[in-house]
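Think of it as A, B, C and D in the order they're written, each chain with its own count starting at 1.
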């Protein structure tokens, strides 16, 4: 494993340095039919789950096959995607915002071979490599964060909760039976690197214990002022601590009841870890949307205050999600998003229909906006 | 033969959805075999160790990663995220396991040629594990060591004509929907604008000069497929000012349930919803009630249309967006932390999107906002929080935009108007002795 | 001949609406003539001077009243508001001009016998100017001097069996709609409950022990004619739990536009709205869409009814409130100052209104809330502000009420749940050394 | 004007003292038909503007004639009310929450004489004493505060603005042509003794100048700590001041840009007056309601940021109110309250329809709830 240099010389970092060149020009990457008809598309149709056709004013058509997959992706897997794109799509493909892969062909006769090829590929473990779906009034891929794969503050895993959820929701990935599309999102702690606060269903990792304090090391590895200022609720103060051996050290103290377990302090100071087997788990939110269609965009609401981490498949979580999806499928009107449905029937009926327990944790007590969520009306259902 | 036992993760190989565990295992095996004879610059068994350490997290219910110190490439304040594991003896392959963010192309179109170059590089100098893509939009190269960072950057810039993305208190990598490249709803060329803005603001993207992170996201229409209204400090959402274009013949095809005219472009094909009913599915669901279908003719009172896209989405062959297109700009969206979530608030109802003058109308708004935020924003204060702290009126002031009722969902419900002294006749300085002539103590 | 020229006020005598200026002028004249031979205990020309000083305000655009010092009757902390003018030489008749609040009867029914006693007393010991009634509900006797306060109080209590109302940091005089006395919508006897509460809490009404003012208002039904939901710290609004009672024959009379069945009880008679249309005017306007009219039969899905009163208001001869009646309790309403307006937030969806046990269910809620507010409320902090500061969850805790989805319009949009240590398995104290066995520094 | 004692002895205040007896028992005051049928009413009808009939299960009827009037009322006027009630109503009457008077008779034949009597009575100045109206889909009496008649902090007059407004709206007091009832309320400063924050139209007196400081007298007549703590925005601080003659006195200073002109300080300290001829005036609010009918109760919104005090008839104010009423009458659907109409058409169209100017003052900047009023949507009308 000898180090092989590109030519970069750490002693002369500016020599031949190229910077600020930005991304590659998208024009280099468009498939020809896209480049030709850009800005001149007439309409589209979802032919079947995962398969779309877009028709241009020119009469040109582009057929798209959308496949799901893990956003965590090996080069081996990417190379396989390239192999398929070379074989069927003249070496072009694209990714969607929700981590699907789209293979495009410019005539209908190329569609079946492509679909068959994609559907036939499976991992050794048995799962599909390229399941076709994720369109229309169904459930598409879950956007998510890193979790235990690569993050220092997660309260749960991301890839695992997503895999467990998508297995449970797989039929709806490949179908379009729902009243409207349903977006599931996942963030592994409340910093929400992937903002999930406007999703039909959001899975959120959540700590419930304030940080431990590694007093012996804290002042050695942390800048105490940075740790103090990292706290959004001003719960951290500098303090002197006496260790077991009697030595006095500079450290911090935490006002536990003010802590909202965000882990910002741990980011600044490794001597303040907060992960905990029993403390950590899942919050479920529901009813958000980003589209302006029919109703305004809206925030998701907390509908399950806490579920424990149940590795490896989080059955309580997937059961709650499935109950929400089924109640929605049964109760909502055509075109009605999950949150619009909940508002129409009233959240009290939502909890009933989804068999979810309402607890005091779900009543807002954050800032004065909380007031807006309480009920200033005699209009409610018993 | 796997390096570590992974009984928990193994259970995530079953089920239909693509298993990230299966993929990591295949990757570990490919690296172990190394049929291509790659001269791996980081440990060959790093993916085995990645599986091992994630398995340990599944056992403990806790992560085993520590935050990295400051690592990066020379002169850039972002684009690299340091990462170390807390069990280096057991999993030496992932002791150092940094992330690099690579700026994705507009619309996320790729050629296989480009992707293969990237995988070659990442097999050679990294773990071969990626995210396609990260939450902000970048290509994420997941797992390499500190000495490789400059090497990867060198190859990207010299050989691939490719730069890193943003992280830290920078402009984050702007992201867009595919826009006019393949969507008939797009009101402007999102790919062109996102590419322009990314290049125009390379300095802001790479060198931290902001109070905190700043995101641009570009949606071609109010359907907001890229969620700009929820996820970006400045959100550019396509819209139009004139009338929805109607093809009455096509409307009637929908009404007649012609098979070539499936409602909602076929999105409901899996449900048993009965025949399409224009009254129930379009007219009655229009949020403003501005539509009528009488005598086989659809009429839209465009002055009362709020361009919600529903009717167009339902009958894409019959209804088209207007021709006088541009975008709305909304400001301040962010996730809940620290001070509560915000969605973008409408600042500019309509602005032209004009490549011919380098989008000058748009860059003026951006730069006015940045000037204010850099001057007034506190450390780690997002734009939305600054707007909340200093008020929406202040945002109008710094951008030189007239207040109009479009800016609000409803006018203020409280009468606590803070007048400025120069707005009040006679000013605030008064002579109490003069007053006392008429009002005894 | 008027004592003061009032050219501004004179202009307010014209026009159709009853002129307060004309009334004050007639009062000034009646006092000047004094045909009844009253031995006026305050200046006979006080109403002349009242007109004079108000005229001066019309000239200046500014008030000429000063806040009074502390005046009142012995042992009471409220019921009297001191007032002095700032031009006593010019208007000696209103130099001292205090207000007394007299506790109005439930439903504001009166006999002329009682009212005449009151006017006799006020002619004798006051200005003869009143408000029928003040904003909170009291009879307001407007304008007397300090020595008269105890005298008026003595006559009220000894001869009229009548007490003062509240002011200051007290329970304010409770107020109600007329309720079952003359309204078919009333779900409970507001007159009886308001009378009971006023008497039960006389001590709280007269002696300041609260952080600030506290208001009860009682509405018989969700139409809220007395505005309790906007104007009272505790609002009691009638409601029912069972089904709306339907007289199908009467429904059809409405549908047939029978003249004896005018829609909305005739409230729209002045408009040109065309014939009554049950689909458009009732079914389509039902906020929950829980009604149907098919085959001449009206069906209500009562489980989805939110009792908004609209259908009952529109067809009062056909639809009646349920039989299992009681009230909802909402808390915290207040005007904008100091910390923003609030409407009452629903605390008790349904509670029995039972005179037979002295309304014990209701007084328990009241007293739990007062205990908390008196313990925790800051000086001049209204209940609504305390709820906002300590949280609605805290209100539930102190009243011993289980959280339920009826309490919210929607669940919290932020995930910032502050757990209590005893709610979390294993508590918060942990051994960092144990943790470090699995997670190296 | 000799002092005549009731028997109260200031030296022995507790002697024969009666306290805590509460209000008179309402049962003493019910008219017989009310007492008999209480709790057993079947339905009611508005026969014509201002005239109602309530029908009991027993078949009994009570006819009510509602008349408007000033809530500022002399004993002479009350005696005249009593005279009418004696003549027609067996000595009974009632007042409504909105300061109307209701005369009730128990049979239809008593109605016409009562109505004729009421309608015939006028003040010498020409105005009606007892105008019949105030029912149904019209405009009823304006609830209001004291204003210049009796208050120390008003920014405008109450009785005068109300008289001017009701003269302008008089036709709608005696008619029921509107889409729904329309409630107008008035408060003479933002303390809102009469809470007007949930009215269809609200007239609000408003100061715009911070208090003057009468330094020479301040410490003599005020408790400085009370003045300081009275300020809701913490704009007042104790400070030392040097008078013209060089003497140094204790006083306060006010941070003017923090002042919201509420007058709380003046209530505590007469040396801080804030009334001003040009500074004071009117704010108009619109679109509130308290009823739970169809839609939830809602707050009024500020629609006119400021109008000057134009004594004695405030023509700019009544013109703006009239424009709102007429636009509402023209634009709203049957049963639609003013605020529901504005929300349905959008506030941008409300300003257009009512010919009101939108200014930056109308954009909320008070507390974090302000955010909820900004537009987080692309749904708006040009």
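Methods note: a residue touches a chain if its C-beta (ideal position, glycine included) is under 8 Å from a C-beta of that chain, and two chains touch if they have at least 3 such contacts.
Chain identities (UniProt): A, D = DsrB: sulfite reductase, dissimilatory-type, beta subunit; B, C = DsrA: sulfite reductase, dissimilatory-type, subunit alpha.
Remember, it's a predicted structure, so these values are computed and weren't measured experimentally.
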Chain D and chain C - chains in contact with each: A, B
Pair exhibiting more inter-chain C-beta contacts, A-B or A-C: A-B
Chain centre separation (chain A, chain B; CA means) in Å: 13
Chain centre separation in whole Å, for chain C relative to chain A (CA means): 49
Centroid spacing, where centroids are CA-atom means, of chain A and chain D in whole angstrom: 52
Multi-chain contact sites of chain C, meaning residues that touch two or more partners: 60, 62, 64, 222, 229, 237, 287, 307-308, 336, 339-341, 343, 413-416, 439, 441
Multi-chain contact sites of chain A, meaning residues that touch two or more partners: 190, 197, 270, 275-276, 278, 292, 297, 299, 366-369, 371-372, 376-379
Chain contact graph, described as a line, ring, star, complete graph or other shape: complete
Contact footprint of chain A on chain D as seen in their complex: 292, 296-297, 367-369, 371-372, 376-379
Of all residues in chain C, those that touch chain A in their complex: 222, 229, 237, 239, 241, 287-289, 303-308, 328, 330, 339-340, 342-346, 349-350, 388, 391-394, 396, 403-421, 424-426, 428, 430, 432, 435-436, 439, 441
Complex contacts: residues of chain C adjacent to chain B: 60, 62, 64, 86-88, 336, 340-341, 413-416, 438-441
Touching residues (chain side chain D, partner chain B) in the complex: 190, 197, 204, 206, 208-210, 212-214, 217, 221, 256-257, 260, 270-271, 273, 275-276, 278-279, 283, 285, 287, 299-303, 305-306, 342-351, 358-366, 368, 370-382
